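What follows is a set of structures to go through.
Each of the two complexes below includes chain A, the first together with chain B, the second together with chain C.
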Partner chain A sequence: MQEAMIKRAKELLADGTVNRVMGWKRGEFSYDITPAVFETAEELDAEFVCDDLTQANVSKYLIKESRKEGKILALLKPCDTYSFNQLVKEHRIIRENVYVIGIPGGPKIDIEKIKAKEISGILSVKNEDYTLKIETIYGTETMPYYEAISGKCENCKSKKHVVFDELIGEDGDVLESNRFEMVEKLENMTAQERYDFWRDQLSKCIRCNACRNVCPACTCENCVFDNPKSGIDNKAAADSFEENMFHIIRAFHVAGRCTDCGECSRVCPQNIPLHLLNRKFIKDINSLYGEYQAGADTTSRAPLNDYSTDDCEPSIVHERGVE
Partner chain B sequence: MLKISAAKLNDLFDAISAKQTLYIPVDREPNAAEFKKYESGMKLSASLNTIRSAKDFFFPQTENLADFKMNGKNIEVKDIREESEDFVIFGVRACDARSFGILDKVFLSEPVDSFYKNRRDHGTVVTMACTRPSETCFCTTFGIDPTVPEGDCAVFFDGENYFFLDRTEKGTKFVESISDMLEEGDASKLAEVQENARNIMKKLPLANLSTDSFGGDKLNELFDSDKWADLSEACIGCGTCTFVCPTCQCYDIRDFNTGREIKRFRCWDSCMYSDFTKMAHGNPRTSQLERFRQRFMHKLVYFPANNDGEFGCVGCGRCLSKCPISMNIVKVMKALEVK
Partner chain C sequence: MQRIGVFVCHCGTNIAATVDVKAVAEALGHEAGVVISQDYQYMCSESGQDLVKNAIKEHNLTGVVVCSCSPRMHENTFRKAAASAGLNPYLVEIANIREQCSWIHKDIASATDKAIVLGKAAVAKVHLNAPLTAGESPVVKRALVIGGGIAGIQTALDIAEAGFEVDIVEKEPTIGGKMAQIDKTFPTLDCAACILTPKMVEAAQNEKITIHSFSEVADVKGFVGNFTVTIKKKARFVDETKCTGCGLCTEKCPMKKVPNEFNMGLDNRTAVYIPFAQAVPKVATIDPNYCLMLKNGKCGVCSKVCTAGAIDYKQTDKMIEQKYGAIVVATGFNPIKPDKYDEFAYSYCPDVVTSLELERLMNAAGPNGGTLLRPSDKTHPHTIVFVQCVGSRCDDEKGKPYCSKICCMYTAKHAMLIREKYPDTEVYVFYIDVRTPGKNFDEFYRRAVEQYNVHYIKGMVGKVTPKADGKIDVQASDLLANEQLHINADMVVLATAIEPDKTARPLATMLTTQMDTNDFFTEAHPKLRPVESATAGIFLSGACQGPKDIPETVAQASAAAAKAIGLLCKNSITCNPCVAHSDELMCNGCSACEKVCPYGAITYQDKEFRMPDRSTAIRRVASVNPAVCQGCGACTVACPSGAMDLNGFSNSQIMAEVDAICK
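The block that comes next holds the complex of A and B.
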């Protein structure tokens, strides 16, 4: 599949359809893959990679890239197309300046899952019939593919590309996922248990802002947490309240716009399951305002930006929050 | 050499923690170790290293510096410094141990940072020799021998016993304080373990990474390199690399108005952030390229220029495993290397 992508990208560069390609570059090892813009066929041949370990969602980069001279080719996995569409809808990406090729999605492999099995000194990872063959400094290890699946692919919501100019590989369907299972589990906890769960998680936060900066829904030019004029600028959390505040406010701000791409949890150096906050909002929006998937289209009105007479009353929302 | 058997390690921890606060690396989750205040029964992590570095003990992410109280036209300044208590950090790796030396150069040179010095004076660093390095390790590039780590006291594990080697006056005091629990042991197997680890170090994928192209005298050619644009292209401007880094030492000082008084505090800052070193006139580095370049120029050029050639990196590999877009100092060094 990688070869097909390189081939098609080279054709589109050669015939002038695009002048750049947004993809991924291989690194020192098999897993340290970096999003990159390619300008020539030679660069693509030498460094382009899109394999089982290529996880990064490149949609957010297209905000900047679509404002440059000429058209750029973007290779988007199904989940990335939702982020892309949402950014088009918010007038952040200039659609006309991007040529989208939909590419197959995961399930992707997360190197952290392999390292969690106490496999260290990893030199390469190969998928052989859904068994991972891992070459390490200390010898060869194997483990089942499904045990190393990235957190963001575990509850895949859709194999469908919601936007594309052409496809490489097949298009899929929206899936019946069980992505709200953990949210339900949290809902069924007592308030104290739930508080303890989140304190345990959010107390790990080092406020590196990786979750915010990678998030395709976080595109403010100047975040309130960075802006001294906001009155709540906050470079480091002074106490548990401020630790919670950053993440809760962020979840509120992306509510109704978060497509559930899972990048926040993927990049968190402390493994905080941040996506659960967003999923709680998605679940509530679905039940209070009707099923809605951010990024599924570019024309519908977002539930939290829309008013209709059958919207639920604020009192219902309030009651749900009371134990 | 004095030793204690692996089975008795927790008895030793109990004894140390009865006298002073003890911190050890423990597994929070698989592959996620962190230093925790020891409580009886806690198990020493088998992980190679902690996610956060050990610099936190001497240079915490946030700390209050002074309080100010306005009283009419008078400002009362309250010195809130308190003498730290003695504490022991057990299980620090050679890379982090070296990072303390780098931080010392910043915080203990004139004017001495009394907050840092206070903790440094009261902390005893007990290091642990590495036996199973990771593919992301490159401490040897900076002249570190992970099989004989620095620190006040170095500990070596041969698979059965932990051996203790005091390296400073503080370390000698520490070993003396636990001597009734240690016994003289045969360290012959240890040499074999060390030799084995050294051989692995030589075969690591980053073993040949060289600092030849870097240093205080390479300012202009490195600063003006056209490679920075490509290298910084995908940087999302988060602070992960700087916050997991054992040598990153930049901080911001801010005032917080509680309504009754002003609390002056400092917190880690990151050169990757858009408001880093922002002053009245604005920000001296307006693009991510400039901010990205600052971080690596600091470690590879500015720091050695001001510190007798010592680089501001210890090769711990944390940025290699934690950067959201997998850009790191190794990729930067390889791209800028003059072959």
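The block that comes next holds the complex of A and C.
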């Protein structure tokens, strides 16, 4: 599949359809796959990677890239197309300047789950008939593919590409996922249990801002947490809870726009399940205002930015929150 | 450095009885920036205002906080006072310590604490207030009246009389409303049609009045002085401009079995019809539910007989758009259907009728040509029982909690008219109370009892049972004599409650006006602004605001007209300077604000920006048209980046208030 992508990308560069390619290359370690822009066929041959470890959603990079001279080729997995569409809808990505090739999605492999099996010194990971063959500096190890599936792929919501100019591989369907299972568990907790759960999780936060920086819904020109005018940038936390508010504010900020791409939890170095905050919003929006998938299209009105005479009353929302 | 003055009002005992106003003034005097803090018995009085004015001059104040009643009451008063003392009026903040504090609390200590907190929030806000200058917006010199009953007609006539263009939108094929269906009017017993139809004709002939009959309001945009209304002219399948109202089509139409709404379904009309002889406009309408041509494509008789060539089976609904400066709502009422009241046998006994049905039965243009006959066997009724308060003053969900107000009087009228015309008929009226406040009303009722010997019995009817011999057994209690009665009646008349028209609720949403739980429109102030809605430029006329008889309706209709004329006389109105604005450096160009703006005040444009790295970039940014913006603030909460802000209610001001409260 990687070869097919490189071949097609080179063709599009050659015929002048695009002048750059948004893809991935290897980082510091061979398994650290990181987004990269390629400008020549040679670069593609030398460095382009798209394998089972390639998880990064490149949509957010296209905000800046689509404003540059010429058209760029973007290779988007099904989940990435939702982010891309949402950003087109918000006029953040200039659609005309991007050539979209839909590529197959996961399930992708999470290197941390391999490391958790006390496999270290990893040199490469190969999928051989759903058994992972892991070359390490100490020798070869194996483990079942499914034990290493990335968290964001475990509850895949859709194999369908909601936007593309062409496809490599097959297009799929929207899936029946059980992605709200954990949210329901949290809902069934008592307020104190839930508070304790989130205090426990959020207290791990080191405020590295990785979640914000990777989030395709967090694209403000001037983030409130960086803006001197907001009065809260660089503010010392008065107590330990104030720091936790960062995530709660961020979840409110992206509510109704989050496509549930799962990047926040993927990049969190402290393994905080941040996506659960967003999923709670998605679940509530679905039940209060009707099923809505952010990024599924570019024309519909988002429930939180829309009003109709049969919207549920705020009192109903309030009552649900009362324990 | 800010120099803020705080002025705490006693409002007589309204505030001072529950809030320690001296303690409030004392506490707020210690807030940062406050240089003077005073209390006074009536801050809104001339001398109270002087206190504010003098303090502004003497202490060279940069901001004023008045702790008093709701800003809806006196914000303007104090803004004017500040302006006359040379302070920008938008540097005045009101802390509402009456409606939101003293009136709703009993405990003095906690009410005082709350008043102090509310005052602190206002002080925190006024620190961030900026002087604002109000602009002006022009007034469209045309009014819209929604509803063409007696209320709408009177309002339209008065507005036209003052020289302004006015349009009436009426959903039925003719104007006239409920009054056209009424036989005689209390307390003078003059014929309703005789006094109404000249007004209908006057409206039709007035050059300034345009009547859109068989039409509905489809959409309302804009704001006071500048509404844009879309009117849906429903297809009547007859060209209004060609139809002469000769009525030949209605005579020849083969479909003659259509229940006649005008006669409350007591007789039939044809599929092509003119509701009644004096209809305005006198134009035929084809009922597509019954017309054989429209249903099956076979017939076309009306088209053949029409010499004017007015029949147009291909007519479709037409949308017209018009601008208005003022809108008057006159959507009126309907009697409820008493079919939920099984005890009164209305749904299965034809001789149990509602009062409005009785009006038609007694009317010369009614189904029996004015002779009162039982609907079942067309015989003359000798005993008639009237039941009052059917669905009115009712606690359960079948009826309405309010008094419908007109039933006592029209029942006295019915009883009197029947006794006058048919002295051999016995009339019984079962009532809870007889309510007759109104000029000549009680005299009228007493005449029914004393002169016409109508049997008024205090008590409720328990059960109405139709009998095999055609008679009706009315079982009732006489509360004064404390006994059970059985009356062998020929007819039963139910004085059903009245309710607002069903079109009122969606209309209120379009107009962004308020309604009460019974769907009556809410007036801006129950005593002092009874004909204005809380939405500027929307006025209320007639029974859409609450149950009313004809004289009251006409009085309110003229009052609403006077208010509308007052607005239309102005060439321009002062705009609210508290409008939104966008910080272009923060704006992401996402269009969230544009989508939520109810006034279409926000547009987007591509602008070139110098970036921090000295490169230039084209960015899509929002801009607000301040003449169109009404300052609702929807955009500021929709904006994900915090670029949108509202003058006078900026995000930082709101946060400062919250901080002050939470401190």
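In this section, the second predicted complex is superposed on the first by the 314 of 323 C-alpha atoms of A that agree within 3 Å, B and C clash if a C-alpha of one lies under 4 Å from a C-alpha of the other, contacts with A are read in each partner's own complex, and residues count from 1 in each chain.
The working rule: a residue touches a chain if its C-beta (ideal position, glycine included) is under 8 Å from a C-beta of that chain, and two chains touch if they have at least 3 such contacts.
Everything quoted here is computed from the prediction, not taken from an experiment.
Asks: Give one word, clash or fit, describing how chain B and chain C relate on chain A after superposing.
Replies: Aligned on chain A, chain B and chain C fit with no clash.
Asks: Check whether A:E147 is in contact with chain B, with chain C, with both or with neither, and answer first, second, both or neither.
Replies: In the superposition, A:E147 touches no partner, neither chain B nor chain C.
Asks: By the touch definition at the top of the document, which applies to A:Y138: first (chain B), second (chain C), both, or neither?
Replies: Touch partner of A:Y138: chain B, not chain C.
Asks: Please tell me which partner, chain B or chain C, touches more residues of chain A.
Replies: B
Asks: Touch check for A:E193: first (chain B), second (chain C), both, or neither?
Replies: After superposition on chain A, A:E193 lies in contact with neither partner.
Asks: Looking at A:A56, would you say it contacts chain B, chain C, both, or neither? Reply first, second, both or neither.
Replies: The answer is first: A:A56 touches chain B but not chain C.
Asks: Applying the document's definition of touch, where does A:K235 land relative to chain B and chain C: first, second, both, or neither?
Replies: first
Asks: Taking the superposition on A as described, I'd like to know which of chain B and chain C A:V267 touches: first, second, both or neither.
Replies: first
Asks: What angle, in steps of 10 degrees, lies at chain A between chain B and chain C when each chain is taken as its C-alpha centre?
Replies: The three centres form an angle at chain A of 120 degrees.
Asks: Aligned on chain A, what is the least Cα gap between chain B and chain C? Give it in whole Å.
Replies: Here the least C-alpha separation of chain B and chain C stands at 5 Å.
Asks: Just to be sure I follow: which residues of chain A are touched by chain B in one complex and then by chain C in the other one?
Replies: After superposing on chain A, chain A residues 222 contact both chain B and chain C.
Asks: Report the residues of chain B in contact with chain A in the complex, numbered from low to high.
Replies: Within the complex, chain B contacts chain A at residues 28-32, 46, 48, 51-52, 61-62, 132-135, 200, 203-206, 230, 233-234, 236-240, 242-244, 252, 254, 256, 265, 267-270, 273-275, 320, 322, 324-328, 330-331, 334.
Asks: Note which residues of chain A are touching chain C in the complex, please.
Replies: Touch residues, chain A against chain C: 67, 90-92, 219-222, 224, 227, 230-231, 253, 257, 301-302, 305-307, 309.
Asks: Could you please specify the touching residues of chain A with respect to chain B in the complex?
Replies: 27-29, 31-37, 56, 61, 112, 115-118, 120-123, 136-138, 204, 206-210, 212-214, 222, 226, 235-238, 266-267, 269-271
Asks: Touching chain A in the complex: which residues of chain C?
Replies: Interface residues on chain C, with respect to chain A: 506, 509, 585-592, 595-596, 604, 617-620, 638, 640-642, 652, 655.
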